[in-house]
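In the two complexes below, chain A is the common chain; its partner is chain B in one and chain C in the other.
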Partner chain A sequence: MNALRKHVIQPILDCWSLLVGLKITGKYFCKPLITVHYPRQVIDSENLSTYGGHVELVGMPKDPAMPKCISCMMCVTNCPSNCLKVVKSKPPATTPEQEQAWKEAEERGEKVVRPKAPKQPTKFMYDYTLCSLCGTCIDNCPVNTLRFSSNIYWVATSRKEMHIDLLARLREQAAEVSASAPKPEARPAAAQKEA
Partner chain B sequence: MSAYQNMDQMTGDFYTQKFEAAKQDGTLIINMGPQHPSTHGVLRIVIEVDGEYIVRAEPVLGYLHRMHEKMGEVQTWGGFIPNMGRVDYGHAMAWNWAYVGAVEKLMGIEVPERAQYLRVIMTELNRLTSHLLWWGAYILDLGAFTPIMYAFDDREMLLDILQRPSASRLTYSNFRVGGVQMDMDDKCIELIKAFIPHFRDRLPMYHDLVTENIILRRRIEDIGIIDQDMCRRYGCTGPVLRGAGVAYDVRRSEPYSVYDRFDFEIPTQDSACSAGRYHVRIAEMEQSLRIIEQALEQLPGAEGSHIVDKAPKPAMKPPVGEAYFAVEGARGKIGIYVASDGTKTPYRVKLRAPGFSNMNAFAEAATGTILADAVAILGSLDLIIPELDR
Partner chain C sequence: MNEFIQNLIPLVVAVVGSMAWLAVNALVLVYCERKFAGHIQRRPGPFEVGPHGVLQTLIDGLKLMGKQLLTPDNADRFLYWLAPILSMIPVLLLFMPIPYGPVLTGMEVDLGLLLILAFSSFNGLALILAGWGSNNKWGILGAARAVAQTVAYEIPLLLTVLAIAFMTGTLNLTEITAQQAGHIGNWFIWKQPLAFIIFIVAMFGETNRAPFDLAEAESELTAGFHTEYSSMGFGLFFMAEYGYMVVICSICSVLFLGGFHGPIPGIEGWWWMLIKTYALLFLMIWARWTFPRVRFDQLLNINWKWLLPLATFNLLATALIMKL
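Entry: the complex of A and B
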């Protein structure tokens, strides 16, 4: 009986396991493709929007070309790989006459309000070759001006292209949005004219 | 003969020459790796073969050494977290957890309940991706190409889920000291809930297609015996130890976080061979699904947010002292020891990689087997080379 099992039944069962495998392969062969043939096809936008690409700036709600950034340097000091570089704005240039007037006012004991530097940075450079996409800058930003972009199809042909000027990128994005989207205020105005 | 000529006659590097000193007559010394496909990276094994039988084997490490431990001594405490994702690309979350756990222990931070549950869900999902990666690649090593496609189909779904709360797909640096980076949105939880029954349906297919397949069974059964005694000598943990019949799991033996609230089994196999380790990992995937299911049930009732209030900044200064924290990774016990001298950078970070111990058992297990079986043994250990070298 043992010999029968070893030499006849077991080999049949062994071959059967291969047939079971072939059946599964055949079943999946008849099912529709699950791979995405890029660039003829692209993945759905739902998946694209949750992808965490390189870091980018978020604009102000009213002025999308202007970042919410206040140049506090939290992102720069906390970045583990030193890939961000922020240059603060300088206070506006003053004339010697103004300086003189302020000095006199101070001597008189009046309160002088000198023009302050704007909070927005003049430069926001980002080195993608160094970034490890840990999100520490995003966590530590007090005004939430940083986020991961969903720039999934971005390629660069040189290292230099990986050094991104985030301010220029934000301006480009804002221009694209305003060019493509119809202006919401224009419609009521036109409707009023018709009325 | 001049010294130069002597040099010229020498073949191989230091390791080969050292290995060659004990060479027997009629044998051949060959290098398996560092560019061998079955070593999944740059592991090099010097092998002495007699015909097709392995007489001796010796792993040579260091081709992927990136001095992570030294990097820890120059980075800030929070700045070291991204490194953890790079140590083990397979199960990055567990490494994240081991590190932040050690720092939290040092600083005495109580992590909110919700963050604990989020950590459990993320780590278990990541364990599934790790086991799927191993499963596909192991079968690929043994010569079957199709299964890796099925594994990556499911893995892709998991990565799509995991990219939502962590913004990464492979090298996660999702954990923060005191919690996690982002909270999970409802859509993400919905996707995980949909994935669990989908994957449960797929597991029988995996079983029919591969586990029961006679070609695979003949190749891995009774091959590469790593028994309890060997595991103890080499310090093997994880599926290698459980495959030898020891029900040791850090999640159960020293429960950290909220793992004591879940009902799950620790799969073991007594065969101690490659097939045993294979079956343990397949069974572990089912248990991970169970843990995720229970964690999702308990998540809405968990208190607190995804991160502790007033979470420390990356340039935190933990008090002077030392701490050790161990978690169960996909490959075994991951332990991280940190020492602080009260400054912004750690004084010392020691990483205990499970793969390093597991890999060392290979030389003994492979002795006396044929070369093709060595690949079956190496694959069954589930080695991630960046983790070995750190």
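Entry: the complex of A and C
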């Protein structure tokens, strides 16, 4: 009896699952499409915000053209694909007279504050042909100056175009934002001056 | 002589008509299949060529014709090129005895059902020639599978058809349709429900369609028997596959769904046949994009352990009831 149930009755009952399968695909057939016809439609901002494109720099809140980057090289050290290249700023050039004056001051026992190099990098190059979009640089950045861009429709026709200067990109973005927005900060500043 | 010509002209018209019908069906069905697959997976399917991509299959056909015909090294040239032709030609003959409408019958044959079953078996031969002739391991594996499968699934198919023949006492498809005239209750699906189910399952096996498309299982055999075929060599196999689908669905609607008779008495015509055939074709397409491919032992188990005993039982029961 057990064998009958296992080999005869159960398979017949299992045929029900075929209808269940047909019902599922039939249901999906009637649902609206979820793909986007790119040239005619674009992705809505809700889906765009979750898109992880290439890496880009985040500007400072007050000066969006300047990155928050402190040139600590954590991103470069941790990048498994070696696709980031950061060049630190050099301290400002000094004249021999200044050097002489500081030396003398040090000999006198005074505290000398030599001009330090600015924290911002002079170059932040990114090779998208090598990047595997692992996000390790973003996770390791101590000042959160890196993020995935939402640059979804970006197309490059050569390898050279895929070597992105992130600092230049940040400046362009800041210029675009300031050009498109009616500068809400500029007016209060002008009003303050008048007052 | 005059009479001979009078008989010949309708026959030529029928052959040309079925050629056109086959080609149009292949184009329409490929498009429908791709659209259906797309919508089941919630994407649009072909969309760019023509409005909603309706010209896509036409362009694909032109592309296939424009490709080079290649014969692999060490292939048996004769068998290799015989196979696609042998696969295609019988399909044209198969449309002849099918009554598409009250007057729309290519050729009324007393043994129409037998003719169809006999000539559709040519496809098995064509597949094995293709696999053997192309000197390719995938080809020969696909051919071996195709033959084991079509030979096995032909038996339950024949047995169910035989049950209908027992009931009607004829193999003439026009006569079988005529016996289902009247309202929907006269259709043989109500008298032979088991045979209908067996026919539907065997139909998938016989036409090498998913979930029984073991002969061309892409994941295992690249493309099975037509791995080496390029251009219209492949195109002919492709068209023949859709041709066999149309034929077997037409036969199914003639045998079980009343052919060109409508569900309500009075209205009959070729459009009923078209609707029923296409409903069955859509069922085949729907099943293809729903069920995963079965394993080969499962495929043969379904046939030998289920379909064959059930079909035999059905036949014996039919014979008994008819005798009483």
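Quick note on the criterion: the second predicted complex is superposed on the first by the 149 of 195 C-alpha atoms of A that agree within 3 Å, B and C clash if a C-alpha of one lies under 4 Å from a C-alpha of the other, contacts with A are read in each partner's own complex, and residues count from 1 in each chain.
Quick note on the criterion: a contact is a pair of C-beta atoms (placed from the backbone, for glycine too) under 8 Å apart; a residue touches a chain by one contact, two chains touch by 3 or more.
Because the structure is a prediction, the values reported are computed rather than measured.
Of the two partner chains placed by superposition, chain B and chain C are both touched by A:Ile34.
In the superposition on chain A, contact of A:Ala168 is made with neither chain B nor chain C. Of the two partner chains, chain B and chain C are each touched by A:Gly21.
In the superposed model, A:Phe148 lies in contact with chain B only, and not with chain C. Once the two complexes are overlaid on the shared chain, A:Val112 sits clear of chain B and of chain C alike. Judged by the touch definition given at the top, the superposed model places A:Val177 against neither chain B nor chain C.
In the superposition on chain A, contact of A:Cys134 is made with chain B only, not with chain C. Of the two partners chain B and chain C, it is B that touches the larger number of chain A residues.
The interface of chain A with chain B overlaps its interface with chain C at residues 18, 21, 24-25, 28, 34. Partner chain B is touched in their complex by these residues of chain A: 14-15, 17-18, 20-21, 24-25, 28, 34, 47, 50-52, 77-81, 132-136, 139-140, 148. Chain C meets chain A in the complex at residues 36, 39-44, 47, 286-287, 289-291, 306. Listed in rising order, the residues of chain A touching chain C in the complex are 11, 18, 21-22, 24-26, 28-29, 31-35, 37. For chain B in complex with chain A, the residues that touch the partner chain are 75-76, 78-82, 85-86, 146, 150, 153, 160, 163-164, 166-169, 171, 173, 176, 181, 205, 208-210, 212-215, 313-315.
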